[in-house]
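Below you'll find the structures, each written out as structure tokens.
The following pair of complexes shares a single chain, chain A, combined with chain B in the former and chain C in the latter.
Presenting the complex of A and B:
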């Protein structure tokens, strides 16, 4: 493929297979989007000044611009508030599109490094966010060292890991599931 | 249409029937002449994308399905004019040496002449349609490339009876295009050409996209719109459905240039407002949705009937909302794209409105007129004739009255504009409803108030 100059997006790179992949990953209504912009007017990330905001992400997805989407980390900025899903007039479920792009990105290892940290924590402890040194602080306020979740129940934690091994995490995890 | 006389209820119209050089009473539409004629010329019906013979039937579904001979191109007439002897009569006699038969119905008539028919009618409906704009105006879109075509040409390529028999082919090398770009608003919404929106382009682009995507799902299709205008019943649903088929919509993207590349492809440069970025595309075929233009000669037809044309050259209705099919000339009605760009449902609705307006005008046998018309006091008229060329409706004639030439206003034609009354140097013309006395009274009433 011919190289485009810096500021121009070459539409010949539109990838039909990528669109199908996104549809498979949950963005089933993607092509219904008429770019009305309602999602972008409510998205907290767009309001906070994110350049590549939800409306643009969806348009790039309908065009199948794989590189444009995967080279940008904006999809990882989504706060999962689901406001866009509530108000979308075409029932595109923009959040599902974000999730689909994330799923596609993880498969080609095109995601920020802290994503893997979260995955590892989820597998190990049952929490994606698991700050270090929490035991001390919990003790100070009179709480048991470990929260009463999977962390405290070794048997349940093993079972939970068995469940995770049967999900697509087994395919995409960059660490060993043991 | 050669000549029009009279006014609403009493039009005398002279129509010229061009010589067809085929006796239509005998012609059975078999098409033998269109196959054996040796002269080939570009086929106007397919916008020159293929050729027809000098003896031809305009298109396969033509009604009546009868052949004509194209006199300027026919060998018989060409040689007859030059040498006095016709060199070719193949359509009539066939080629006996090769055992090819000529017209089986004996319908060829080289001595056919133009015919003039006089008809008397009560009302006229003008429905001469439109003309698609030519691509040659748009230097930025490489009109010299055979792979840059107008939507009308593309329509013919997609047609089963078109130049390719319905097969999708690039006009340049006959290969099947893999990437097609369609560009909207070519000549419309453009102050250099036509400031109006041609109204139907968005929908027919989507129609083409749908046909293509259903027939050839693997084709990459890019539609460049300024914005997508799909007003009308079921049209938005059609748009969303077509998007669902995989046609790529680029909005805010009036294409700035189409360039020919050395590899025979076309580079399309546009802008995608949804991405907020300039975009570029290498396409095999570029389809321009060119503007709808008034048909050739519409101003002449308008002049014949004293119906006026608007700024853009379409025939003008009396009132956009209240009198959408009437023209300034009473009894002359308009329907379809001769009034302005419109789609099929609208054209049909308007033509039915025009037909019932015509019927309600002439069926009662009597016509009511507005009382606000001008009248000549022939005793005062000095026969100067100033009023005659001034009248926009050609309602004033000079007639003999008491052995002198005097102006006469035909009340059926007068539209009550008052131009003649204000211009008459002898004050012989009274404009009923606005006489000098009445106007002065109005002014004094205003002054008192």
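Presenting the complex of A and C:
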């Protein structure tokens, strides 16, 4: 938010196209928010002391403060715990607003460096998490070296990869899905 | 009882003690966990990139089980929540049509929407199983005080989980602890999340969240923390030293999966339960 001690919001910053973009990305009920603060009362981000927590993120979203939202990393601290979804009296689905901001942010590469790593692994192996050396550990305890997932089926993996390339993930990835 | 076993990304690679203990305890109680080929990631990690692509990933996993006439049993709370949410999203006819278009390209069948997804702990906490457990106790745990961390996705969003239990007063894992004869302790931060996902935004806050919870249960006299999700396990076990440091304490708090706890109570071996992978040693 603004550096000012009273957090004055300059409404000239409002980007109405950005509000529409967020709605398109899943924040469909954004405008229903009445800023009651129930989401903040239950949010681990707020509990942990992040300055820019759920209620304020939604406030900024309703005001279309694109730069504020895309420059701050707080949305990436969301646990996706859904406490806000459970408690919201207006059915705004606050978590979906967080996800919408993230979806806008990844399209301008304004996200933590490791965000795309999972996508790279997912495309290559079908697993977003894929550290080296697991085969040996599995074998040692009597489990099949490779899990019975797509990682064990090369031909079928290729078909999966072809479909992934046809989704928006191919546009979002800052590398070629190949 | 036959179920398709959905392992997800993390468990078969990083949480072998959970995979081992889950497979072995299920077999002991006649729950047939069937491995189907070609499951992938549940879609959760790319939800923050694109909703449709994430839903395609969820749907392809659902279809693989559904086409075999099986319901899914998951071990990771995040995967179970994600797949369950997808079932609700796919009730939208247009969205289902679009996703089925992608599934057709992959050639793995069409989603019909007739299967269920359940967390293994919900199956193992059924009265019929608990009765069998209580009748087969061979290792005394009556003097043990256990803290349960249910975690976020095990319970929420409640709509996706079919409102099977009260999100503020969960009982399923508590019933398991009771059935094995141990004592469950109550603690102030019981509903607090493990903080692991916070790592992306602020590591010190993530450690403080996990550390404060560990400190709380230690002060209430817990002998161990019981978990049901591989992410929570990382937060409390792998990161325990640094998490405790973040709240100015030093602890050696064992962290066990509920499957390991059940197996221990009925006398299964350390090997069957994957105890060699538990990072905080304990002698009970």
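Everything below uses one rule, namely that the second predicted complex is superposed on the first by the 168 of 178 C-alpha atoms of A that agree within 3 Å, B and C clash if a C-alpha of one lies under 4 Å from a C-alpha of the other, contacts with A are read in each partner's own complex, and residues count from 1 in each chain.
Basically, a contact is a pair of C-beta atoms (placed from the backbone, for glycine too) under 8 Å apart; a residue touches a chain by one contact, two chains touch by 3 or more.
In this text, all values refer to a predicted model and were calculated from it rather than measured experimentally.
J.: Using the touch definition from the top, say if A:40 reaches chain B (first), chain C (second), both or neither.
T.: Once the two structures are laid over each other on A, A:40 reaches no partner at all.
J.: For A:56 in the superposed arrangement: first (chain B), second (chain C), both or neither?
T.: The first partner, chain B, only.
J.: What is the contact status of A:69 with respect to chain B (first) and chain C (second): first, second, both, or neither?
T.: neither
J.: More chain A residues touched by chain B or by chain C?
T.: The partner with more contacted residues on chain A is C.
J.: Check the residue A:97 against both partner chains and state whether it touches chain B (first), chain C (second), both, or neither.
T.: So A:97 meets neither chain B nor chain C here.
J.: Once the structures are superposed on A, label A:115 by its partner contacts, choosing first (chain B), second (chain C), both or neither.
T.: It touches chain C, and chain B stays clear.
J.: Examine A:88 and indicate which partner it touches, taking first as chain B and second as chain C; both and neither are also allowed.
T.: In the superposition, A:88 contacts neither chain B nor chain C.
J.: Tell me which partner A:169 touches in the superposition: chain B (first), chain C (second), both or neither.
T.: A:169 sits against chain C, while chain B stays out of touch.
J.: In the superposed view, which residues of chain A touch chain B and also chain C?
T.: In chain A, nothing is touched by chain B and also by chain C.
J.: So in the complex, which bits of chain B are touching chain A?
T.: Result: residues 179, 220, 222, 228, 239-240, 243-244, 246, 248-251, 269, 272, 274-282 of chain B touch chain A.
J.: What does chain A use to touch chain B in their complex?
T.: 2, 4, 7-12, 14, 16, 19, 31-35, 55-56, 59-60, 62-63, 65, 68, 90
J.: Help me check something: in the complex, which residues belonging to chain C touch chain A?
T.: Chain C reaches chain A through residues 7, 9-10, 12-14, 16, 19-20, 35-41, 44-53, 56-57, 60, 81, 102, 105-107, 152-153, 156-158, 167, 192-193, 195-198, 200-202, 205, 208-209, 271, 274, 276.
J.: Touching chain C in the complex: which residues of chain A?
T.: Listed in rising order, the residues of chain A that touch chain C are 25-26, 44-45, 47-50, 73-74, 76-83, 85-86, 99, 102-103, 106, 111-112, 114-115, 118-119, 122, 126-131, 134, 137-138, 141, 143, 147-150, 152-153, 156, 159-160, 162-164, 166-169, 172.
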